[in-house]
């Protein structure tokens, strides 16, 4: 393919990279005493907007059929065109997704960064790079590319987690995150190698082709490979039993980073998981469905039960996000091949992700606001929030309802779709477990509500959360309601995004 | 003259309006209120008698077919249920008595509640409001065309009895009124007892009506009594019996409650706690009459049952009636409270009426109901007048010598005596009432009671064997003797001998507002019997006997006057009266009662009313209260609240661990067990989060091996 | 009829909530005024709707339809018939009265209270008018949240309000999530959320096991709300803790959501299953009736007592429903009996709303003065507060089903139907009537009003400093009670106006099954 | 004489296991890092071996391996940086002692 095509198809990623580099550069320039560093977050924000615009610009190219992005190996090596990434609806969806994540995180991190972090520029740049990694991983169709993008995402995440160098929790969280992550990715890599060995190719589509038509008895290799790949992706999504790093990392990381971690890597992981399983391993459906079903149940249950005990809101939300991932997984487990029905499971998964994006980032934005003020993310920091800042309290309440899945909030639509898929596939068990869990979850979400509305904080003055956070929280809250009350466009977006995948399946 | 019938709905309406007006507007103005009440009931009386007149002139077709008015009331599926009013001979006969007696009582009350005197009752106006509603209820019952309206009136009376019996069940703190704490509590208990006890009966009646409505699709009396309807009821089987029997029994249950038949008679004597006019109202004209009236109205149902069932409801009516008659009469022998004696006499007289109906004779029962209404009202008002006088005497005495402050019960007959000189009008009237009750020729009671006994005797002779009618007759005759006995005792204690207490010595005649009604009623007690006197050809029979002809099951022909029966009962009556009078005329306070000498332990038994109250207390009330507490404990202590606490506990788990640990060790096994489930799970799992990354990775490794193992296994 | 009655009725309160939320919190007078004013239009409109409806029988009226989520085939579809209309009116009436009453009694966090209350109204009305399962479910949950906060924030500290609040929340949530699954399952087979169409499509007919599961799932949700024994235990706590207005709406309307759901959804969707399980549900109804009465007889807390009496009275409702469902015959005598039973059930809901709502107001009357609800603390009040005595006595008698007042009509019809269709149950059920008389008169009337009035006891519970209105019922309290009393008497004496509407709808419904 | 594929795979598997063991057992963070490196290289051996035996004509396997080596370097760098900053705070590189955050 020609360079121009190449550049056009990669436009969003390129834009993002560019902005990230610019931020870095400006940081260098402004390092010494120049007062205009406060512009950096806004530049970064502009970058996310640019990403959004770019994504929208090239939308037509990808929305239909999808366009492969290939790298040409040199002439002496046969010069064959190896497809590395693809610009298809799913990829586009996640570009959009990433843009929103970045925007919300950046909006809500302004004050926090100013208060706690020395190197602003690097921080923002890293976040942008992490976003870049997300878009890449969502688009990758080649094991190599997948590995690269995920590693990219991981390394940036490690660094962001450990960014509070003076805070021992932060560094400790980073170490654990790193050790765990590196190991997990090594395992995944080993899985990739086996998969390659079994099929002789790294391209997902061709893997499927080989496996379906192959005569050589290599299937025995595929299942172990599958398992090992699941370890890597399970780590990214924080599925039980690959979740244990999450609470520590989340608690230790700077709260904006926690917000990002609770959404970004999860989403990327799901994107890759979907693509990998549906494109490369459709033939092994029975295997991975059964495994994932088990994982989903364990994830939901354990996440919720352990969350009951947390007194630190960051950690509590960490476990909650683990449980949420469990619900989303139902969508993948109960995916319905017949794409015509209202819920294909996959679209449920995307809707849920989308709802979760706004809900969770909104919730974390509130946590950041409270932490900025009280300097603590313990439960009692939320006492009497309703009196001190009713806007935050009400929106937080909304987010919590959405996490529980009570209408009229986005979370309800998400649950409606994934549970719907489960029932459609006659996986009543899954649905029931999910329902029971969402009831259990009320207990710990209630703990926060209780503090906000019923708790009394005598000597806590009212406070103002600042413009950035206000916008972030407001937008998130608005979307949470929108997705429930005006669900149509979002449902369609999700359904379109997975249409190709579901069809190829 | 038929246009007069269109006034029928107004008859119950006037008192109802009086009630509304008094409660809403005039309750501050006592005289005005009582005038409104009396005026309204007077109007009703006039209208009622007008309607009676119209019925008399209307002749056969009105008296039997009746006149009626329908209003659509509520839609029921594809049908519409309508209510209405109806008048026939029977109704007309009742209409003669009810409003008139009520009127007398109203007038009397004006004096009794001490209008315009310093110690006038603080809730005077309210009292008249209530009795007006009471009258409205009874009148509504009488003119009701269908069971729903009948039941509505029925329950309104229940309510009024509650309100009036409990009329003195509270008082203002600054209240100079004579009632004391003890009476407040007694009145409260009595009111509740009356309502709940009758309520039991009401519920049975309620069920009966609902059943009738379900099976016949109508609640209109005349439609129910259509032969074909009755046949369907005879054919349907319910609980192993013909439906008609079941329904009849349920209806009778209602009557048992309202008319204080055994075993639901216990509320009536306690109802004495209310002001005396109320007792008169309840015992004579309204409440208790309602039950008898109901059974009489539904007689075709009973008789229809009689044809098909082997254990017909009709027999039960007779049996219960007989038992009640004896029960009341005997207990009456051993009471000291002047009003309680009358109360038990009422119970036993009601028993007579039930006997009459139980023998299938509508007229006998109703005739006794009517006469009884007059003379029993008379007796109660007389007793009231006596009490009033004695109380007054008590006050006088109290003022005379200031040392005199011990508790004094104005109802106690043993504290009276020699009143015939002090209260001549009352005495004469009372005497008339007594003779009527005892059944001495030519007083009203003689004719009516005699008819019942004659009926029984007749039926017995008709088949000869010692059948039910024989026992009924026997019970009735014995009852007559006991009745005479306790009335003799009462006369002796109250009016003869020396005053047994200073109060009696200072007693004096009541105001004219009280004595005039007495005299009027006395006249009725003397003369009213002739409306159905055999030698006049039993006019009442011809007037109302035919109302149930349409049902083709009831045939009312007057039983010929039977000299034997009349002779026996009269002789016994005179004997009893004299005996009682002789024994108690010169009774001295403190000395052992003559009857006790004669009867010994039996007397104690009677004095304690066969211990029935105590029995109920143990067998019914206590268990129910216990049960309710039991359920409450289940709800709140043992099972469900703990379950709820589990929820709460789990909810608190989230918020903070300490409180959770508390709630985990809540000292209830249920929480223990279940809360553990969550908390332990949560806690246990939580500790898998060791904070050591290598443990985490170990988990990963193990997981991989596990999954691989599974793979190899399958 | 293209004037959007129902949309306005439903959403004007929501608008009001927004407006209230925008008023600065310290301007309490304005807030109260605005809140009350915003609740009035719904009341008026619902009354007009009722009057307009009365002429035409049976079918759904004021239907409004708009596509909402096409891919989900979910519509904004609202409409009312004779079953929902009285309940809508009940809701608007009680809400307006509650707001009016609260504008005198609510002192703390005024703004939040009134905003939430209006939001609550929208939720409740929505449930009654929604004809699309998704819409229904959303409204169902919308009502949940404000009530949760009302109980939790404005509850009296000694009643553990937060505990009661979360208990209420969880109970309801458990039911509703189960219901959600069932709805989805139904949608899978019928492909529509349209409450009116689904019965015709015989949902889940092909899959008996799933059908039974769905039936019980939905039943659970509604039974918890009704509440039927043994799902009732959230009720006493919630009622006790809630502020007066909260209890009123809770008893007056929220319980009806469950009952309405049973009639509108459970019965038409699964008539056969309902018939099949009627015996069991009937047993639950009986237990609720008798057990509820017994337990309330054991109470010494006035509010708890009335709360339990609600359990008993809603048991009557369920008995009527069971009777109507116990047979599917549409031949005339049976149909009439069933219709009467169902009429009784619906009317029982309406009456219970009016009566028990009133009772809770009256508890508020005494509580606001004395700050206690302990029956043992009162006595002889009838002399002190004659008007209060009169009103309370009337309401209490209506509650125990005294003929001439509302309660009797519905009880009579319920039992009329029950005796015709399920005699055994009816015979057992009548016990509850006696018990009802017992706890109402023995506990409430006797302990509060009769007996010796003790001045010193009164002195220690009543502090004139905290009460600025007349000792006997103040004017605003009388105004609050007046409409309720009016309906108690009206329905008691001449029920036709209400029953005509109900009867038409129920007959149509039963004939359709 | 050609060494059969299975041998390579066995070596790789062994290496992987050793690396994993190292990760799990070493108390020193650096040691853990080394263990990870071993695991990565085990994967590399696989890749190369498979390339050589299955798709010698296309370079994919080798390319992948090279990329992995690069990534490993980057990862090590990042890891070391993190470990060092942790060491600054705690004066220790013993992984077990980094457990202030738990349950």
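A few notes on this one:
Each chain carries a letter (A, B, C and D) given by its place in the written order, and its residues are counted from 1.
Heads up, the rule we're going with is that a residue touches a chain if its C-beta (ideal position, glycine included) is under 8 Å from a C-beta of that chain, and two chains touch if they have at least 3 such contacts.
Given the structure is predicted, the values throughout are model-derived calculations rather than measurements.
Taking A-B and B-C together, the chain pair joined by more C-beta contacts is B-C.
At the centre of the protein atoms shown, by the Cα-centroid criterion, sits C.
For chain B, the chain whose average C-alpha position is most distant is D. Rounded to whole angstrom units, the spacing between the C-alpha centres of chain A and chain B is 78. Centre-to-centre, using mean CA coordinates, chain B is 36 Å away from chain C. The geometric centre of chain B is 97 Å away from that of chain D, both derived from CA atoms.
For this pair, chain A with chain C, the centres built from the Cα atoms lie 44 Å apart. Across the assembly, chain A contributes residues 175-176, 179, 183, 187, 247-248, 306, 309, 442, 446, 450 that each touch 2 or more other chains.
Counting partners per residue, chain B has 651, 686, 689, 691, 693-694, 697 as the residues that reach two or more other chains. Within chain C, residues 166, 170 each touch two or more of the remaining chains. Pairwise, the chains that touch each other are A-B, A-C, A-D, B-C, B-D. Within the complex, the chain C residues that touch chain B are 163, 166-167, 170-171, 230, 233-234, 236-237, 291, 294-295, 297-299, 332-333, 335-340, 343, 380, 382-384, 390, 397, 402-404, 408-409, 412-413, 415-420, 423, 426-427, 430-431, 433-435, 437-438, 441-442, 446, 449-455, 494-496, 499-500, 503-504, 506-507. The touching residues of chain C, when paired with chain A in their complex, are 68-73, 112, 137-138, 141-142, 144-145, 149, 152-153, 161-162, 166, 169-170, 173-174, 177-178, 180-181, 184-185, 187-188, 210, 213. Contact residues of chain B toward chain C in the complex are 23, 72-79, 148, 151-152, 154-156, 159, 162, 166, 169-173, 175, 181, 184-185, 188, 192, 195-196, 199-200, 203-204, 206-207, 210-211, 213-215, 217, 238, 624-625, 627-629, 631-632, 635, 640-641, 643-644, 647-648, 651.
Residues of chain D that touch chain A in their complex: 9, 12, 16, 19-20, 23, 29, 32-33, 35-36, 39-40, 42-44, 46-47, 49-50, 54-55, 57-61, 63-64, 67-68, 71, 74-75, 78-79, 81-83, 85-86, 88-90, 95, 98-103.
Chain D contributes residues 20, 23-25, 32, 95-96, 98-103 to its touches with chain B in the complex.
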